[in-house]
Amino acid sequence: MNTAKKQAEQIKEISGVNPLKCMKCGKCSASCPSYNEMDIKPHQFVSYVVNEDIESLVNSKSLWKCLSCFACVERCPRDVKPGKLIDAARQVVVRQKGQDYLSPNEIPELLDPDLPQQLLVSAFRRYRR
Amino acid sequence: MSIEKEFRPKIVAFCCNWCSYAGADLAGSSRLAYPADVKIIRVPCSCRVNPMFILRAFQKGADGVIMCGCHPGDCHYSTGNYYARRRMTLLFSMLDYIGVENGRTRVEWVSAAEGVKFSTTMNEFVEKIHSLGENVRLEDLRCKN
Amino acid sequence: MKYSYYPGCTLRTKAKDLDAYARASAVALGFELEEIENWQCCGGVYPLGSDEIASKLSSVRALNEAKEKGQDLVTLCSACHHVIKRVNDDMKNVDDIRTRANNYMQLEEPYAGETEVLHFLEVLRDRVGFDKIKEKVVNPLTGKKIGAYYGCLLLRPGKILEFDNPENPTIIEDFIRAIGAEPVVYPYRNECCGGYISLKEKDMSKSMCERIMDSADGMGAEMLITACPLCLYNLKKNGNDKLPVVYFTELLAEALGVKEEVAK
Amino acid sequence: MQRIGVFVCHCGSNIAATVDVKKVVEMALLEPGVVHAEDYQYMCSEAGQAKILEAVKEKGLTGIVVCSCSPRMHEATFRKAAERAGVNPYMVEIANIREHCSWIHKDMEEATKKAVILARAAIAKVNLNAPLQPGESRVTKRALVIGGGIAGIQTAIDIADAGYEVDIVEKTPSIGGRMSQLDKTFPTLDCSACILTPKMVEASAHEKINIYTYSEVEKVTGFVGDFTVDIRKKARSVDMNKCTGCGVCQEKCPSKKAPSEFNRGLNTRSAIYTPFAQAIPNVPVIDRDACLKFKTGKCGLCEKVCQAGAIDYAQQDEIITEKYGAIVVATGFDTIKLDKYDEYAYSQSKDVITSLELERIMNAAGPTKGHLERLSDGKAPKEMVFIQCVGSRCADNRGKSYCSKICCMYTAKHAMLIRDKYPDVNVTVFYIDVRTPGKNFDEFYRRAVEEYGVNYIKGQVGKVAPLPNGKLLVQGADLIDNKQILKEADMVVLATAIEPDPSVRKIATMLTASIDTNNFLTEAHPKLRPVESPTAGVFLSGVCQGPKDIPETVAQAGAAAVKAIGLLAKDKLMTNPCTAKADELMCNGCSTCANVCPYGAITYEVKQVNDHGIREDRRIAVVNNALCQGCGACTVVCPSGAMDLQGFSNRQILAEVDAICR
């Protein structure tokens, strides 16, 4: 198995999603609140995994723009759940050392006195291993 | 290569003519595979399945017996599958009591339109029989070749 | 009635109000919240990979403690509720996760999702009953037009959270009616505020929060209420200040006449 | 001992590619009783059947096993061949080595092994077969059509034109069905009522057609050729013979708040009502839940104003029992409920409507008298958005897994009609795929785009948000331009999935007709017997069998009629000879078998028997072969083992079990 194929399989496994169920209706992209910030759009995530272009996915800006708000997961008529694929791709990245999107050094300047712990905790979970 | 022979279970499936046999046909024409270990016997209705047939199957070395009929309420003969359901519940608990595990017997309702269900049911059942291994209870050793 | 209670990290620090008003209201409504001993942080987000176990264990511990006490587990923070409810669903329905988590936990009796997880709002709706709350209200918030902000964590995925209709929820509106105020329904009440993204992408959160506030304001709301500390923070920090945002428990305490008590 | 011939079919490569047919022949020859075995490319062909005749002649076969496709395909073919060869047709058994073997297994060795075992089981069975003679049963020359929509009407007219009596049972107060609710029809834009009303009149005026409206099928017994059906005629509270259809009662009725079913609840009707102007029969019914007379005892205005004296508050439901030779199901469809699709705001805004509701709005007899307007404020819309596939093609348990088939075309129709009548209204259609197979269908859709300027956007809508200004913000995807679209619309129309009318469930159960997971009735064969139910004597017409448009429905209705006529034209039917039979010596007359027989086919007679030299009178079960359908329920409950089923006897089935487990 070549690397791309292996990575695609890994993403399918982590997410538990079968991207072949997609009928390309675009309801995910229609629902996504972060759509305009994304370079690879939610519906494209599915076809990138099908076509095993994981390199583009893991280098995509979209990984860090997805809110995990589950709007696409809730509304997907085919049970494909693009949000889970994005989560899985993000996992692939943060599980590699030195690939974190958030470093502890950044944090002090991002803090403000009202900021709830919940925010930091979840950001750490999303961005780091 | 292992010297031990691979376990190939003997599985008898009783299918009613109107729903489940047709469901099996649909599984076939849709090319939905299931293991060759399953052999189907056609009966007009699930209520035609005499407990004697099932006992005989185990006696002759079957490792699992499954009975399929129309969904409750959809019986071609109106009420046949209700009789079958009650009968099999009793029979299976008796079989369990004498050591033929519950997993070796199964009742499933498969309509003529449920080729997919037929195939998944058979796959599951064969897998279950594999996990239980060869049936040794009830087998009439005199029948062994 | 006694419930096990999981407050979570934020309710100990930045969202002390959310917690304190809830406790006082519970007393007024005649049920007791018994805090789980030595609870640990739920992690804030439901573990993303289906292969992760370790990050689910703190939830399992809390769930199991409630089970041992024979109590339902009540949560208040949306994030905690989301995480714990989903982990519980895994423990109930996903064989692999259940087996592996129990292998780690080494409990006397394996945990298999027996505990019922209830959000505080669900306790109000399903156990106390909004009609009963209406009876106990001493300071009805008559005439106040309030928009409910649900966010995403309480509602989705609807099949697992089973909190309310994820696209047209009504529980907080019913709550608003129970305390004598008037609910304002607006379409963006179940759209995301940006969540954790506001740490690094303030602008994104800003556009989302503004849209939510404009929508509520346009429909005639005078204030927003929420159950989530992060939503509250984002709406206040990144919204356009059109509407005040408070925790729903604060209004409940006010209506029940126990707000002053808490302030002391 | 039988002399058995085994014939193994290649079915081209269907069987031969996975089953070593030569090996099956070779192994079959080793079985007891087998005196002949051969393989041939197509056993069902003339030449294949000739092989059977030849072998019977040469080797004096008494039993025949064909290893081929499912007996549901060709059992009848081979039985006829046997008959031609002078062998009793019930001496034929089929080993299903195609559907149950070659098509589901890939490994040749494995498939061959299984085919050999299946052949063995069939051989073991044939060894115990006995010649059987079918009996005869009569055919009642009358058909029942359940459902009075376009499907039921067309089927009834076609059967009646062939000279047979037909009864239509329709549950609503008028025939006409869904088609009567439509404004225009695709792809020629005829007015629906203009083409349907003549059909309705033709049916009601036909001397061979009898229509029961406001009636439901309550009970069905019997079998092909001889069904007995109870029909409940619900109390109409109006005497059908006296009423002149003047309509004064409806005008004067003070209770006018009941939601109009015909207008999909978009407006109201009176408690005494005919659903629409062209209703047939033109006799109103009283909705007893809405009528003041029935609710409070006061009122009685309709009785006072009725000059014909037709109002009858005391009328009771009536049960009519009738015999039929054939039954056609034409129960039609409804749109799905949208409570699981709240992202489209259907329950939150009056200006989000279904396509069927739009039909009523566009119709001159509808709630807005045919003016396109918003139901919230009566304003004319300027921007309209259509959303396709709402609840269709879903794999998530919220909607239906199938394509509803008609939505692409009616949406193009709606878009075109709106652009035609209101050129200043912009129409946008969000679609996933536009599916237009059908004569002149794609041309129709292209006209909507090219001539009428309808804006088709490839992408689904994620959310419809009601705005403070009363408009609807539609948030959708444009997958071609790769954009998320935010569009303010005045009205949103949802192409809502269709599903079989919920009443079909109960009817299918009464008829023992099988139904699929989506509640569509199953056809006897998906390609070759598409209008017959697997239950003999039951035929399918219209959407109850699967989504279809009007032309297809009418075509299928005609096909179902032909099948029913083919049955009614026969004077006698051959009955299935595989009936139960009691062994007189073993029967002890306990009545257990009669208790489980669903057909009342078992009675008891006192007969003199000779039990090993002792002559005595005994009470013995007797099976009426004309009534027995051969289910075998009696055989298993018989405590003495006296009851057996011919063609599926205990010994035969045990022989199959033994052969499989050997």
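When the chains are written out, they are named A, B, C and D in that same order, and each has its own residue count from 1.
Going forward, a residue touches a chain if its C-beta (ideal position, glycine included) is under 8 Å from a C-beta of that chain, and two chains touch if they have at least 3 such contacts.
What you are looking at is a predicted structure, and each value in this text was computed from that prediction instead of being measured.
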Can you check which chain pair, C-D or A-C, has more C-beta pairs in contact? A-C
Taking each chain's centre as the mean of its CA atoms, which one is farthest from the centre of subunit B? C
Between subunit B and subunit C, the Cα-mean centres are separated in Å by 49
When the C-alpha atoms of subunit A and subunit C are each averaged to a single point, how far apart are the two points in Å? 25
Per the centroid of Cα atoms for each chain, what is the distance between subunit A and subunit D, given in Å? 46
Provide the list of subunit C residues touching at least two other chains, using ranges where the numbers run on. 166-167, 191
Contacts with 2+ other chains: residues of subunit B: none
Which positions in subunit A are in touch with at least two other chains? 71
Inter-chain touches occur between A-C, A-D, B-D, C-D
Can you check the complex and tell me which residues of subunit A touch subunit D? 21, 23-32, 35-36, 41, 43, 71, 75-79
Residue ranges of subunit A touching subunit C (in the complex, touch as defined): 13-16, 33-34, 37, 64-65, 67-71, 73-74, 87-88, 90-91, 101-102, 110, 112, 114-126
Tell me, which parts of subunit C touch subunit D in their complex? 165-168, 185, 187-188, 191, 215, 218-220
Partner subunit A, residues of subunit D touching it in the complex: 343, 389, 393-396, 398-399, 432, 458-463, 475-479, 482, 484-485
Quick one: in the complex, what on subunit D touches subunit B? 70-72, 96, 98-101, 103-107, 110-111, 113-114, 117-118, 121, 508-509, 512, 514-517, 522, 534-535, 578, 596, 598, 629-633, 635-637, 645, 648, 650, 653-654, 656-658, 660-662
